[in-house]
Amino acid sequence: METIIEKSLEEAFEEKIAKEIRIEPKDWMPEQYRKTLVRQISQHAHSEIVGMLPEGNWITRAPSLKRKAILLSKVQDEAGHGLYLYSAAETLGTSRDQMIADLHSGKAKYSSIFNYPTLSWADIGAIGWLVDGAAIMNQVPLIRTSYGPYARAMVRVCKEESFHQRQGFEIMMSLCNGAPAQKKMAQEAFNRWWWPTLMMFGPKDAESPNTEQSMRWKIKRFTNDELRQRFVDMMVPQAEFLGLTVPDKDLKWNEAKNGYDFGDVDWEEFWNVVKGNGPCNKDRINTRVKAYEEGAWVREAALAHAQKRAAREAANQAK
Amino acid sequence: METIIEKSLEEAFEEKIAKEIRIEPKDWMPEQYRKTLVRQISQHAHSEIVGMLPEGNWITRAPSLKRKAILLSKVQDEAGHGLYLYSAAETLGTSRDQMIADLHSGKAKYSSIFNYPTLSWADIGAIGWLVDGAAIMNQVPLIRTSYGPYARAMVRVCKEESFHQRQGFEIMMSLCNGAPAQKKMAQEAFNRWWWPTLMMFGPKDAESPNTEQSMRWKIKRFTNDELRQRFVDMMVPQAEFLGLTVPDKDLKWNEAKNGYDFGDVDWEEFWNVVKGNGPCNKDRINTRVKAYEEGAWVREAALAHAQKRAAREAANQAK
Amino acid sequence: RALVYDYTLQLADTSLILGHRLSEWCGHGPILEQDLAMANIALDLIGESRSLYQYAAELEGQGRTEDDLASLRDAVEYKNPLLVEQPNGDFGDTVMRQFLFDGFHFFLLKELQNSPDKGLAGIAAKSFKEASYHVKWSAEWIIRLGDGTEESRRRIQKALDNLWMFSGELYTMTDTEKALAQAGFIPDYSGLLSQWEAHVGKVFAEATLEVPQNVFMQKGGKTGRHSEHLGYLLTELQYLQRAYPGLEW
Amino acid sequence: RALVYDYTLQLADTSLILGHRLSEWCGHGPILEQDLAMANIALDLIGESRSLYQYAAELEGQGRTEDDLASLRDAVEYKNPLLVEQPNGDFGDTVMRQFLFDGFHFFLLKELQNSPDKGLAGIAAKSFKEASYHVKWSAEWIIRLGDGTEESRRRIQKALDNLWMFSGELYTMTDTEKALAQAGFIPDYSGLLSQWEAHVGKVFAEATLEVPQNVFMQKGGKTGRHSEHLGYLLTELQYLQRAYPGLEW
């Protein structure tokens, strides 16, 4: 009996996927689908939270009050994205505490890009322009992802991200149209962020084990290499517009494919950072763990107070 | 019998004092003399240690590498003074740990001047020039103080202090001969430090209960008001030389007394700071306590290691 | 006019410094939701300071910008009260600092809306709505932490013991404030004080906290005599404007 | 000449940043005698950096001063290895950072005294004597803390675990270093490394500490890719020069 039911459930699930009908929390889904989603959504949530740190690093040193407010607001948006995404993942039956524990233990990953340091104000521009640009490219297709809560969270995330990307581009514009020291700062930041950004699309398709299944389930909509190519094709003209030089001697327009040829990413660096050896991996996790541990008493107090209050209210009603 | 011995001891002590012969650690001394000295020397030692903080506050922000080195070296000298003075006090039978405990509990005092904050680089100049100037005026007579170890410590302390004072004056000179912003910085610091410096000589003679006995024992050589007058007479011409305005509308040359008349110190502020209500009293003690507590494991380790090593050496010799 | 300029600058400094302190929390809060809340309050305060600096620059009429005013003055020229420059400490210290300030801010803005000075009144009207949210947020947290666990009560009481001595300065009027109050441009602070005492007393009672007695009230910030903490804050706040003066960012 | 300039600047940055870090301890040490000792080492390093900056300025020949070089370059232009910019942490972290550096510094200066570049050789000769004291001080403390109490052993082992990943960069030669070594201006670092390994190994053995295995070695500082810590250090170090450019102090 059971296998029959399960089979029909699976067929129903596959049919929805085929018809582009959203899977919702109460729907049956294959265990592997659930796992893949939890992994991906929580990784995405963690990326938002850890991603607050490199940019947060310049909030107190922003060059003007206006930039300070914009940056603070942006980092705050990231905290908000983290919240939606944790909520979306919770609909799949994993608690936020569990996900955070996995982040802190190193079991769960977050986007490697946030393991690079922000060394100058121009990095804030570069992150907005390049990193958010790449994130959008990765994320826009997720608006059509098959799992409902994730897709809906992504609508809001993508809207805000594209706003952030414009702000990043604007910072780069100000710097590139500014004094020579500012232009230099911008180029230097561009040099440092270009390659790590290309790594954000993940390993080459040939070495990406999860891609095929994710594509089949319509969690993912394009391959890593496809997205990377699109990104390069989009950004090179923008760099030219800014007057910045792409730090890639192999970059060349390829008329035949109507896109750019470009050099190969340093995959050794990529895997090193993934394995925890990036410049800031340790600092990032230590910072998060410290914030969490130092906040434990606050969370306990909030819980204790809520319980006390509930007990008092219950007692009052009983009177 | 005992009273006779004690009486003759006391006579011998008084005779030495009268003949300006130094009292040494092994000599008999009246209990009150010992107490007065421990109080005074430990207070002096504490002042050196706490005094490291307001100036230390600008080490990382000194305006040039040369100034940074000079300031660091100066603050280091203060640590050195603290060391000699704790040693001198220890000859009177009180341990450094005990003295530090008294400082941290608030039982022992330190010079109130260090409860004022250093708010600009010019404060470093003002402290060297005014505060060290006042300290020297208080301390030079101590070279002739009746207790040997204290007097000898003061020889070295005074020599270095006068070097520091010259450096402070030099900083003020650079500022006063510098850009308008620097001159303004210097005047502003002078305004803030002038009155607290005058307070360094202690309450008016009429309200200084310990002065008389200390003078008789030749621990102290001049009264508070005498020293304060000398200080004003010495500093006013220096301020004029620098082009700074003394922030005292009552300041006036008095031909008759061949010295300056000057306004009255705000004694309410003085007693407030003494009582622990100065701008930095809490910060200073908290900082010291924190350093001491956070260093406990280091002191314990050093002790444990020394014991282990001694035990090993003893075992080796026993072989 | 010079008085209104001085006062506007004092308010601007106050909001900026407190907003800056709160912004230091960003990414390090104890609960994600509170990271958001503190960033929100920081944004409100920084926004308020910008309006105030712009207005001050306008009053001064020498072509200086909000950033000139914020970034090219040294610590002794800043006019914020000592309370707002105190370091963040733990979350309890931050909440207590905020709570002591929020009540003052709220009652002040409420009155300032009626100032005959249109500039101040306009800014106050805008910020008053935000301040109503702040005052609610910090009061709730005072109660939550005071009436939470034993540890949280100990911590928040300690924060109160440490910060209470800075509360008096908020209500101690400077010569500028006295003159403006006499001229009817700003409220007399004694009226604010009694409203504040009622608010604070009520919340502390619910939170089971005790106000320390016979505390000597520190002052000085409003006349430029700050703690040593402010200088470090300014090295960060002003760094880029100082390093690259006069550029657009 | 350009290479010697680059290298001199790298050494100057290294000494300055480490000296600055040590100077942060001043007044906050665990034992008064060690407050003095750390200030001493800081003074030596800052003194060394001044000689090096002066020499670099001379080599550059564009009229820049030691303070221009120290204060008017941004973080990405600084060339110190990552190790020396790491925060002080507790006394154990500071001692470990110092110990890992001191051995390198000592063996390097020993050889640099024989450099055909007279400027470098002269500075090295002067600083070598000081470095001999440093290397003794930090080794003694490693042993004391390692072979002290359980707590001290735990702390100093943790410091080693955290900082070891920055030790490799000291010996990873940049293009500048390689070129200078080939030209015989500076020693090849592989020789220094084996001396250092012997020194470090001996001290760790006596201190009962274990070198972590299979650690990925971080690098980047010597080519301007620093940690985020450096920027904050520079906001303080450079503040006044940035705020008031071109003045005498």
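By letter and in written order, the chains are A, B, C and D; residue numbering begins at 1 in each of them.
Criterion: a residue touches a chain if its C-beta (ideal position, glycine included) is under 8 Å from a C-beta of that chain, and two chains touch if they have at least 3 such contacts.
The structure presented is a predicted model; accordingly, all values stated were derived computationally and were not measured.
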- What's the overlap between the neighbours of chain C and those of chain D? A, B
- Most remote chain w.r.t. Chain C, using mean C-alpha positions, is D
- Note on the structure: So, in whole Å, the Cα centroid of chain A is separated from that of chain D by 37
- Task: Could you list which residues of chain C touch at least two other chains?
- Result: 74, 235-236, 239
- Query: Got the chain B residues that touch at least 2 other chains?
  - Reply: 61
- Answer with line, ring, star, complete or other to describe the graph linking chains that touch. other
- All chain pairs that touch each other: A-C, A-D, B-C, B-D, C-D
- Please name which positions on chain C make contact with chain B in the complex. 74-76, 162, 216, 218, 220, 225-228, 230-231, 235
- Which residues of chain A touch chain C in the complex? 49, 52-53, 56, 59-69, 72-73, 75-76, 79-80, 82-83, 86, 121, 171, 174-175, 178-179, 181-182, 287, 290-292, 294-302, 304-305, 308
- Query: Where on chain C does chain D make contact in their complex?
  - Reply: 74, 232, 235-236, 238-239, 242-243, 245
- How about chain A: which of its residues touch chain D in the complex? 54, 57, 61, 117-120, 185, 188, 192, 272, 275-277, 279-280, 282-283
- Quick one: in the complex, what on chain D touches chain B? 16, 20, 23-24, 26-36, 39-40, 42-43, 46-47, 49-50, 53, 66-67, 70, 90-92, 143-145, 147-149, 151-152, 155, 233, 236-237, 239-241, 244, 247-249
